[in-house]
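Read through the structures below before going on.
Consider the two complexes below, in which chain A is the common component and chain B and chain C are the respective partners.
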Partner chain A sequence: MLPRFSSLKAKTKKEAVTALAEGEEVTLVAGGTDLLVRMKRGESHHHLIDITSIEELQGVVAEGSRIRIGAATTHSRVSTDPLIRESARSLGEAASGIGSPQIRNMGTIGGNLANASPCAESIAPLLVHDALLTIESAEGERVEALAQFITAPYRTTLTGREMLSLIRIERLEGYREGYRRVAKRAAWAVSRLGIAWAIKEAEDRFLDVRLAVGSCTPRPFRPRSAEALLNGRRREKWLVEEAVKLCLEEIRQISGERPSFIYKLPVIRDLLRTILGGG
Partner chain B sequence: MFVGRSLEKVDAAAKVAGRAAFAYDLKMEEMLFACIFRSERPHARIGQIDTREAISLPGVVSILSAKDIPGKNLFGAIRKDQPFLADRAVRYRGEPILVVVARNEEVARRACGLIKVSYEEIPPILSPADAASSAFLLHQDGNLLSYRRVRKGDVAKGFSEADVIVEHTYSTHWIDHAFLETEAGIGYLDERGRVAIESSTQNVHYKRAEAARLLGIPEERVRVIQATTGGGFGGKLDVTVEGFLALAVHHLRRPVLMRYTREESFLANTKRHPLHIEYKTGARKDGTLTAVKVNVIGDTGAYASYGETVCLRTAVHATGPYEVPHVYADSRMFYTNNPPSGAMRGFGIPQLAFAHEAQLDEIASSLSLDPLDIRMKNCLKKGSLTATSQALSASAGLLETLKQIEPFWRLRQKKHPGSGFGLGCMYYGIGNTAMPNPAGAQAELAEHGRIILHTGACDIGQGSDTALLQILFDALGMEPRHVILDRGDTASSQDAGSTSASRQTYISGRAVYEAGRKMRQFLEQQGYPEGKDLREIYRVAKGQQPLCFDGFFDPPTTRLDKETGRGIPYATYGFATHMTEVQVEEATGTCRVKKVRASHDVGKGINPALIQGQIHGGISMGIGFALLEEFIPGETASFDSYHLPTSMDMPRIEVMLVEDLEPTGPYGAKGVGEPALIPQAASIVNAIRDAVQVNVYELPCDVERLKILLERKEKR
Partner chain C sequence: MKNVTFTLNGKVVTSAVEDHELLLDALRERFALKSVKEACSIGECGACTVLIDDEPHYSCLTLATKVEGHDVKTLEYLGDIDRLHPLQESFIRHGAVQCGYCTPGMLLVAYSLLCKNRNPTEDQIREALSGNLCRCTGYIQIVEAIKDAAPVFQSEG
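Showing the complex of A and B:
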């Protein structure tokens, strides 16, 4: 049973941030697919503001070398958008694997980020695309890189008065790009691992390698040391092995040893070998 | 003829249109809602129970405890060892302690949250090994619930004749039934003042007996009716909401509704028994099996439920569907403080099949024999002696199922790296083991000129309503429009036994057939074939003789010898072969089931479409059992971490039937409900071995376990 709460459907960004500024204990609903579960477990949220009907928070548009994605854009929309398919393929693939069709129709990209689960599917591809987030409040707006926005599992820099409104990502042209999730069953399962990649190559030489690993460390991350090793070098077996090793070391540095690593690290090793090996 | 045709399920239209009334739909005026306060500890003495805050919550009507039970506070399908409401001690986390009745569900659940119980904890016994060695006795007869043996020949001699011996230990985990509809029911006083309960159940007469014992009143004063039921799989054989409803109605004299939440169902319901199986198989060079030695150790949890049944069935079925001259099978079932395990589709045999099928493939591989050939060589057939020395005299079509699979098996081709094929065979005794398990049925000619079929056989979605009617149509030689079904009401039907053990089509089906033939004979005497109207026959014959005819069937079985297990545990057996194709991705440990061909000897397919439905469902459940599902006591709370297969995990399926008629069955029919599931996990495990050369000894073989096995293989 759900605890009692009041709810309001905001029509504009202004309405939402004003309510955040003036109300006490206000929670934004950006799809609610995680919030509902938590409320059923007894977490109390007294005043809900649904922001999914706000026009300004919807949609995917090109903006020069970047793409703007409204925070209340659903996973369904993200996974089928032609612009994302063309220039941010890993994000589209990640979004298409979230939950079930029903969850993808309700859940939003902004909600996924603000919830900041270590297993949130959209984070790894957004890190690959160097996402910048626009955060608004009644006082104004600020812009923050995604890597800084998430501070810990389920923790972000959002204050109770702020709303994530926009995600801007880099368009990556000429990259080999993708996302691979591993889960217990074929659909409708929280991912046990997710790897996003975008790789620019010329004549067997790595020009720009971008990798991100999700569902493994407290926050999805980019293995920068492995990327740096690869960039500018010719693809060779020893190099790939060395990069894989660096990536696994970085994971251990972040998390220490964890029981799940007996499974996860060999999977990351094998998937990275394929991804970097050109398969 | 209606038998053998895929008639539309009689309940399909009402379910599709949303008209079917499940228990929670049966709302009544002045109705109250009850929910259960459950133990928060796996093992403890109950200290103070403080309900003051809960009872003073506006809307709370009553809080009932063990002290309010007027009759016996013990129930159990086989052994009455389980309290409806815990009195002095609790033996598992989730054990019911209090019934909270309030004006609605919200208040009842809030009140539950306000109850405080102090516990004096006792160290819990969490495994059969602990149970065997602990000085603490969970029940007065000790921690060993049951020990069953099967002996045939001289097993030492058998192993000395073997050229190859394979020996391994297999283990399986708890599985939840996860039926679509959670436990639910409504209780009320009916027009004759009886305590009436309409619930989601697999049996009505057993539930009536338990409710009457609980209240200390004659069974005639209790009525149990089966509401439309959304799945059971064995989990609705034990008393669930019925006892609590009876108690609340008895005290409050008002309608009371109950429904478990999904989380509560996970916590409260019985589970599939986790089994530890030590298995040793011997064979000659040509693949002929010489000996099997099996040691099964099971965990029945806090109460017996169907633990004895699983213990006995695993001993009896120890060899799998193969003729083995020398057999030594031990099966033990222990009490622990884990959740009670009970009946679940197959009563231990899906677990056992995982072991005997893996054994057989290892034998085949070490002798360089084909897995199909070794099965054909050893399979039970007409004239074979089973492990209990029962001679199979008819309807033993395992070899025919293997032959149906054979062309696909011989022509199989691995299309990709990681692709593999596996076989799984099974046999399964239809009906309860080595004990009477009769069913009655009645055909009545009613005033409006139609025949009413009265049956106590519960249709839980599997289709017994449709199958029984098809049998009756043919027994009567009548069209469907002349027949009405009255099912699952103790006030108007005889005991048909439980819908379990794949028994209703076979046993109730035969009883329905007998009743139908008697009615037909009567109608023939009354001139029906000459065109006399049924209403007219009713008017003429009424008063002169009873217009209701009884059918009855109890399959011929014998008791089993206590020391050797010799005897006839079942009158007939189902047989099946599944061939499964998997695709394993070595990088991630992901196994996808691509295609299953299932061949089943069902005796006679009463309704082939319904059989196909059962087999599709069995395959889905087998995929869950092999690869996905795992209930961990104290951890698994919801579908969040319990992974049932979705439609995306389902393979392409092809069903083939063998009809080796069973002489005692209605039109030759046996049962298929459990056989549909039993060989599936086994065939997946064997396909994984074929695909990536790893041996699986522990289920579920989920992505993590499979990857770890693959890693170990790499290191070797």
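Showing the complex of A and C:
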């Protein structure tokens, strides 16, 4: 049972942002797999707007060198979409590991971002694809990079009057790409660590290396210094070791020493060595 | 209260539901479909699984208003005590039912899988079941029961 609240099933984006602008204490709900659990535990929300029936918030479409993903697109759809499998493989792989089949049929990519858990699976691959978010309100819209959107664990720049409506990512062609997560079990487990990568190489030379680490620091991040060191250089063991070292240093700088680092850092080191192909 | 019209086990139905009412409670209390079980209540165990547009969903985390215009199936769609679905018979034959609490969810997930994939591998069966917990049988009998029932779906064309 849930505490009492009023709910509205919005049919259009306009209807949703108008309700956000005019109402007091209005909360958007998409899949409900996080919000309703929190409400059952006592969190109170008085007015819910269900945005999953809004056609404009659904689906995956190509747009030139980018892919548009509607914020209310489910993880199931993201993980099986042919366009994402072809040009954003890390995102498809990450989405296919979220929760359980039922959770993936219900939960949405926009909900995953707005909830902004440090271990949200979709964040790291979206950082690799330089995701841009469209955020709408009754006054208009703004576009923000995902890296700026999440400000702290479970905190974003969304105000109570705004709705995340669209995620646009870069199509990466000619990259080897993937997502690896470490969790207590293969299924139904929150990841303890996740690494997304997309790497473009030619003749053993790194042309464009994109890495993102999730479930480790308060916000998933791109180890930019390691990426910069690798780009343009020939793949050699010393170089990979140096890049791994820079990445681990950056994690320590962000988080300080954490008890979990005893196992997390060696796992990241080994995953990065494998991903970068240096041993 | 809001009126919700949807297809329930093949028939179009309309019911008034509360804004904050869960699909789980609406199905059990308004439609007397007691196969829909509540266990963990937080979307982790799968006992409350129902099919929405033929895909498994947790009814304990779904608002009743959400199914407006959609197709909902519960275990009652598969068969009843006098006329069990071959999948249900297979569960009995394999001893895949002990306390029975997880069984409706397991059957619906299996039904949904076999409708889409008539010849699933063991890995695909296990993946499909990964959102449903059983604390009695240890899954082996359930997996075997599903494998054994697959030919029925193949012969249905």
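Going forward, the second predicted complex is superposed on the first by the 276 of 279 C-alpha atoms of A that agree within 3 Å, B and C clash if a C-alpha of one lies under 4 Å from a C-alpha of the other, contacts with A are read in each partner's own complex, and residues count from 1 in each chain.
Heads up, the rule we're going with is that contacts are C-beta pairs under 8 Å (C-beta built on N, C-alpha and C of every residue); 3 or more make two chains touch, one makes a residue touch a chain.
This structure is a prediction, so every number in the text was calculated from the model and none was measured.
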Chain B versus chain C as contact partner of A:W188, first or second or both or neither: both
Between chain B (first) and chain C (second), which, if any, makes contact with A:S76: first, second, both or neither? second
Would you check which partner chain A:M106 touches, where first means chain B only, second means chain C only, and both and neither mean what they say? second
Touch check for A:L166: first (chain B), second (chain C), both, or neither? neither
Per the overlay, which chain contacts more chain A residues, chain B or chain C? C
Partner chain(s) touched by A:L28 [first = chain B, second = chain C, both, neither]: neither
When the two structures are overlaid on chain A, which partner does A:M1 contact: first (chain B), second (chain C), both, or neither? both
Where does A:L271 make contact in the superposed view: on chain B (first), on chain C (second), on both, or on neither? first
Just checking: does A:Y263 make contact with chain B only, chain C only, both, or neither of them? Give me first, second, both or neither. first
When the two structures are overlaid on chain A, which partner does A:K9 contact: first (chain B), second (chain C), both, or neither? second
Which chain A residues are contacted by chain C in one complex and by chain B in the other? 1, 37, 100, 186-188
Residue positions on chain A within touch of chain B in the complex are 1, 37, 100, 182-190, 192-193, 260, 262-263, 266-267, 270-271, 274
Residues of chain A touching chain C in their complex? 1-7, 9, 29, 31-33, 36-37, 40, 48, 50, 52-53, 76, 99-103, 105-106, 186-188
Report the residues of chain C in contact with chain A in the complex, numbered from low to high. 18-22, 25, 41-44, 46, 49, 52, 55-58, 61-63, 65-66, 68, 109, 127-128, 130-132
Going by the contact rule set out above, which residues of chain B touch chain A in the complex? 105-106, 109, 586-590, 592, 627-628, 640, 643, 645-646, 648-649, 702-704, 707-708, 711
